[in-house]
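Quick one: the structure is below, questions incoming.
So that you can tell them apart, the chains are marked A, B, C, D and E in the order they are listed, and the count of residues begins at 1 in each.
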Amino acid sequence: MKSLVIIVVSAALAAVIPFVGSEYALSFTVQLFVFVALAYSWNLIGGYAGYTHFGQVAFFGVGAYTGALMMDAGFHWLLAAGAAGLSGALLALPLGGAMLRVKGPFFAIGMFGMARVCESFALGFDGITQGGTGLYLTPVTDLKPLYFVLWAIAFGMVVLTWKLDNSRLGIQLLAIREDETAADALGIRTTRLKIGTFVASAIAPAAVGSLYATYLSFIDPATAFAPMTELTTIAMVLLGGMGTTFGPLVGAVVMSVVNELLWSRFPEIYLALVGAVILAVVLFMPRGIVSFAMRRAWWWVPAARSSLRRLASRPAPSRSPKEAH
Amino acid sequence: AEPIKVGIALSQSGNLADSAEHYKKAVELWRDQVNARGGLLNRPVELVLYDDRSDPATAARLYERLITNDNVDLLVSPWGSASTATATAVAEKHKRVMINSGGASEKIHQRNFKHIFQSAAPISAYVEGIGPVAEKFGLKTMDIISRDYPAARDMEVALNKIAKDRNIKIEKAEYFPAGTSDYSSYLAQAKQSNPDIWISVGYPNEAIEMVRQFRANNYLPKLFVHNGASIDDFVKAAGKDAEYAVGMSLYEPVLKTKGNAEFVKAYKDKYGAEPGYYSGFGYAGVTVLEEAVRKTGSLDQDKLRETLSTMETDTVLGHHKVDPKTGLQVGVKGLLVQIRDGKRAIIYPEELKTADAVIPMPAWANR
Amino acid sequence: MPVFELLIAGILLGGLYALMACGLNLVFGVMRIINFAHGDLLAVGALTTVSIVTGLHLPFYVAIVVVPLLTAALGLAMQVLVLRRLADGPMIMSLLATFALSTILVNLSILIWGGGYRGLPGVLGGSVHLLGLDVALSRLVSFLVAMAVTLLVWWFLQSTRFGRAIRSVSQAPELAVINGISIDAVRNVTFALGAAMAGLAGVLLAPTFASDPQLGARFGIKAFAVIIVGGMGSYPGAMAAALLLGVLEVFGGYWFGQVIGSAMLFLVMLVVLLVRPRGLLGMGVRA
Amino acid sequence: MHVQRIQPQPTPVPPPDFASATDTAERILVVEGVGKRFGGLVALSDVSLSVGRGSITGVIGPNGSGKSTLFNIIAGTLRPDRGRVFLNGHDTTRASPAQICRNGVGRTFQISRLFGEMTVLENLVAVAHGASDAEAVERALGLLDFLEITGLRDKWGTELSYGQRKLVEIARALMLRPTVMLLDEPFAGINPRLQNRIVDHLEALRQRGLTLFFIDHEMRIVLEICDTIHVLAQGRVIAEGDAAAIRSDPKVQDAYF
Amino acid sequence: MDGSPNTLLELQDVTTGYGDVPVVRGASMTFEKGLITCVIGSNGAGKSTAIKAAAGLLRVWSGRVFVSGADVTREAPHRRLGRGVAFVPQGRIVLPEMTVRENLELGAHILGGDRQRIEEAIARLVTLFPIVGKRMGQLAGTMSGGEQQMLAIARALMTSPSLVILDEPSLGLAPKYVDIVFDKLRELAGTGLTVVMVEQKASRALSFSDWGYVMHTGQVVYAGAAQALLGNENVKRLFLGEVPEDVRLLVEGEAGHA
């Protein structure tokens, strides 16, 4: 069970960092977890259901504000994160119902617009949000609890994706991605599935947004709804491999590490260098690192949808056409 | 000897990259100077610089890194209020002293932090000249039209106070989102309501675009004030249209503040241009830091904190003094400058002025 | 309420949007490449214009000729070196590549021009008196050029052989090939043309706005919205959408403040997507 | 198999005579007065026909006569301008394709629509509604085996030849275990030997109550296996009856052969 | 150059495939001027793959392709039409978002701006397929399956090519139109057109062809005069399922089969 081994090992490794690593390693990993959670969420709707979009940051931002306002009102940050996750789901439900009727670039850019509209609300309802000034929160003194909550969310998303990848539900999402009309005509409940996935993909970003606000002890619209967060997330997923179990993880780790290595050494041109690294991957692995590895069938790379394959290659007792119907 | 490491994350990319560049230049100049003087506590000074990408979250992480990974000895804030807001929280968490030389927003100092000391001018200092000038020229109404970002709403608070004292009417305070480049709707409104003063805080591109659009629409308030007008880019990019615009400034190369003449000369020698107020902020910050370390005689953070909470000194910006409880800057005074013949002339305060203000600004047709 | 004045202001603003959308509509609307670097090419165009006029002291019209050629060359390089290889993959991959190209372009621009703001004082400044209003000269010129270019490209796509070849390559490359069309050549030319138009937009924006290497981020995404509202690949649609959005932004800003004014563009886009997903003047079976 | 019940639409007008409740015992599918225009083009005008339960019914007609349009309307992917469709006596005119499918209608497309970035096995398993994973895989392998495409099991949808695609699509429709199969040109592009095999299989299924409704231009098969044939031309039904009747109908001769 | 001067298209020991899987292995076929040659074989035998290689749409891994004696193995595919080679891909590929007229004009792309020739060609093809003529303004993607197939054939004939490769031209066509198409091809062959046709309607196709090739698992297993193949028991059996003994695969192994 390669997948499970990879998940357990990486989760265990990540879990010991607070005890062996520096404070800085901790904050690096906090950031990494945030992006892992974002990347996996995006991968659900973008990679599996095929509804790629540029608006995830809307949920992140709304979650950040929901959480920040609750913390401002005196609630515990954990409760705030929970409420934020709920706010993400509540926002995604009507939004999904409306927006998921359009596809491709229309959905992608439409969602970008949605994020901008949410940002405008954060600026415009300045009575509540303090507008562009932002909300200042009491900083947390100990990062560890925050760290483990983010750890749980990040690896929760990994496990969820792995489960999905091995389930019929996952295959049905892929069917929507490949040809929604056909999927619909073949009895796959496309509307329900895609809205459900969309909602599911909004919860973690919103919760993580709130935790991020906790971590920063500050949030303003520019940070909460930063297009850069969006683009980085998408870049990670694409780099790692869309619609795969480990793509987002690999993408997030690779991007973060490359960033980290380059930016202290070449502050002036590191962004250009990051760009060049991305280009290199894109050119040589146009479907991302994990997809590339899967096509090459490297031994340590778990196959996609492996449970199904296992079922299929199991010797069957009787398999005659009569049995087929 | 082992160098003293000073850590700063400032924007080398993103929307603050431009202004932070000036800040960085001043800090680097200081490093060279202090090392030429034999260093600090007889140790050379080394800067550890990172790029926060104009992103407050990145700034927070970088300060985390500076503190725990690079083990820097001293901390200077990043540029801009948003990044400073998150960076100061990190410093406070680690009980490390930080000079806030880049964040004007007063909110930063309203969080009961004990280790953060502002050397930059708070936003109230930016606008303190508005009251007297308005009174002198009989300006009665004012529109605040500003980019919505951390410092802007502080400015409204400060202006409200001034308006109350001086009997000026603030007709509206409008905020536009970052990235706005078109002011047609405000222009149409202003043409109708004709405010005496149009005041704005933000970045130079906004000042440039505003005057260009004033000109293109043949409109002009009696007084246009924008902190961006105090930046060299403004005059260069707006050309003749820049004339008579007024900038809030905290620093001018001509100021007779302590050490300024030397600073300007050294800066010019090194970079071939005069320092602007962003550079002044950076330089003042490290000056305060240097002074505090010398006074304390050690890098011990607790002792430094004690020194800084009461220390007064003079920098290129003017007199440095903080409120011991909040660390808020209370010494530095603001200036107003007006563009005259392509140069900034100080028009406020009276005792420093290099030219008489021309207010109302002459109409486009009469130039 | 100065309805007329706002209307003119909105239309002129729309002209700028149309100008930005022109090149993008070829690359995004027709070729279906999400080119994030489009705005950055525009910024390069604007900054080069400033360098030509204030640095080299050459007249503005020189920039109008030279800059589009320069950005076309840049675009061609991007296409030949990178995007060509991704053409047959999923559309979203082009995003990753152009995102990388965009960061490279911005950073190189900062190395070349610095991060500061530049302007073109004295070029197309001031206003002309038209219909009792003061109309910004630079915007009027941009508007007229945008109209002209839009019509020209539209005619080119609809009525020329090469235009048809471009559309065929974007719809079914394998079919274009067997009809004797070189996919590579068509894609190269199209992309270069799109980049040239980005450059032209940059030239014309330089007198109006403060230019810096990050100018692209301020405008790029608005152009995407214009194209969606207008209907992917539809030039008349983009023109109409640009004007509509410009007008709504100005009126929205006037009534509700600029936060809403700026959001207007996206609000309208959302409404259009929900009510008429293929855009104002879009047609087609794929939408 | 889990079948979702479709609520009968509240209809102000009573159902038409020939689709009355007693009839649904024999007529599983009733199309009544269906019309469809595309812009100025009348694709279907006033088409009424019915399909007997357990029958094999064919639709033929010249190119562009509206056959695929009719199927799309029955399957819910197109909405008719007027007229109604009844399935098992329920009005399904406005039901969604997924509802119709889950009510027992399996279909294939004229231009095959496999899920490209999924393997053949996944293509099949995805639509095995209600079955457990193991059952679904079992069923899929059985069908692959039967259609002699077991070797394609792990190929991607995009990697198949034209005929292979059609075969997989038929297998996918069979995965649904439908009570009615709507097949749009299932035999086009298929090797004659496999055509025969498919025919045998479908006939076997019919023995167990499957209703088969299909379009094809492959006269060898249509004339051989259909109980009833409907002939469309220019959007109208111009003839219906058994093979012999159709073969000898001069109108059909003229329009089609 | 080998082969007679009458050979218009020749595949010499061609191996090709997708990714790194070979699909067609060592296939050799020649197509003579003015003859109709049909390629038959069961689904997945590699027929489309072989002729795509001939049309330049797939890279040839080894072996060579000649058109009118010129080695075009490495030539860019879009130049083939200039050599008079037209191609109708399988599965009626049209430009969905262009009108029927635009699709036809695209077929005449290499004619340049020669309006007169284009209009003549359109007029000629419209008499062949009147439905196409009636739908000039319709978006091709909304046409019925058979209509699209007619359009695809018409498009390939726009330039009056000297060789036309058709991958299952009868696909989706009503019997009447199958006759029309086949008759037309016969007629054109009479005027010197070379026709290469892949067909699933094997006996129908052989009966009107001059020459035939039978493919099986990526290889050419029989070649001969169409009449001879039609009468050959083994070919019949291959088509009905069994692999006759005299089919000795040149390379053992599994290309895709069905």
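Points worth noting:
Here, a contact is a pair of C-beta atoms (placed from the backbone, for glycine too) under 8 Å apart; a residue touches a chain by one contact, two chains touch by 3 or more.
Going by UniProt, the chains are A, C = Branched-chain amino acid transport system permease protein; D, E = Branched-chain amino acid transport system ATP-binding protein.
These numbers come from a predicted model, not from an experiment.
Graph distance from subunit B to subunit D, where chains that touch are one step apart, equals 2.
Common partners of subunit C and subunit D, by the touch rule above, are A, E.
Greatest Cα centroid separation from subunit E: this falls to B. With every chain reduced to the mean of its CA atoms, the largest distance from subunit D is reached by B.
Here the spacing of subunit C and subunit E, counted between their Cα centres, is 43 Å. Subunit A and subunit E have Cα centroids separated by 48 Å. As a whole-number value, the distance joining the C-alpha centres of subunit A and subunit D reads 41 Å.
Across the assembly, subunit C contributes residues 106-107, 217, 257, 259, 262 that each touch 2 or more other chains. For subunit B, residues that reach two or more other chains under the stated contact definition are 13, 148, 175, 177. Residues of subunit A in contact with two or more other chains: 120, 123, 268, 271.
Remark: the chains found to touch one another pair up as A-B, A-C, A-D, B-C, C-E, D-E. The touching residues of subunit B, when paired with subunit A in their complex, are 12-13, 49-51, 53, 55-57, 60-61, 64-65, 67-69, 82, 85-86, 89-90, 92-94, 105, 107-108, 110-111, 147-150, 152-154, 175, 177-178. Subunit A makes touch with subunit B in their complex at residues 22-28, 31, 119-120, 123, 126, 130-134, 136, 138-141, 212, 215-218, 220-223, 226, 228, 263-264, 267-268, 270-271. Chain contact summary for the complex, subunit C toward subunit A: residues 28, 32, 34, 36, 82, 85-86, 89-93, 95-97, 99-104, 106-108, 111, 217, 221, 224-225, 228, 232, 257, 259-260, 262-263, 265-267, 269-270, 273-274, 277, 287.
On the side of subunit A, the complex with subunit C involves touching residues 46, 52, 98-99, 101-102, 104-106, 108-110, 112-114, 116-117, 120, 123-124, 227, 231, 234-235, 238-239, 242, 268-269, 271-272, 274-276, 278-279, 282-283, 286-287.
Partner subunit C is touched in their complex by these residues of subunit B: 13-15, 17-18, 21, 148, 174-177, 179-189, 191-192, 203-205, 208-209, 212-213, 215-219, 233-234, 236-242, 364.
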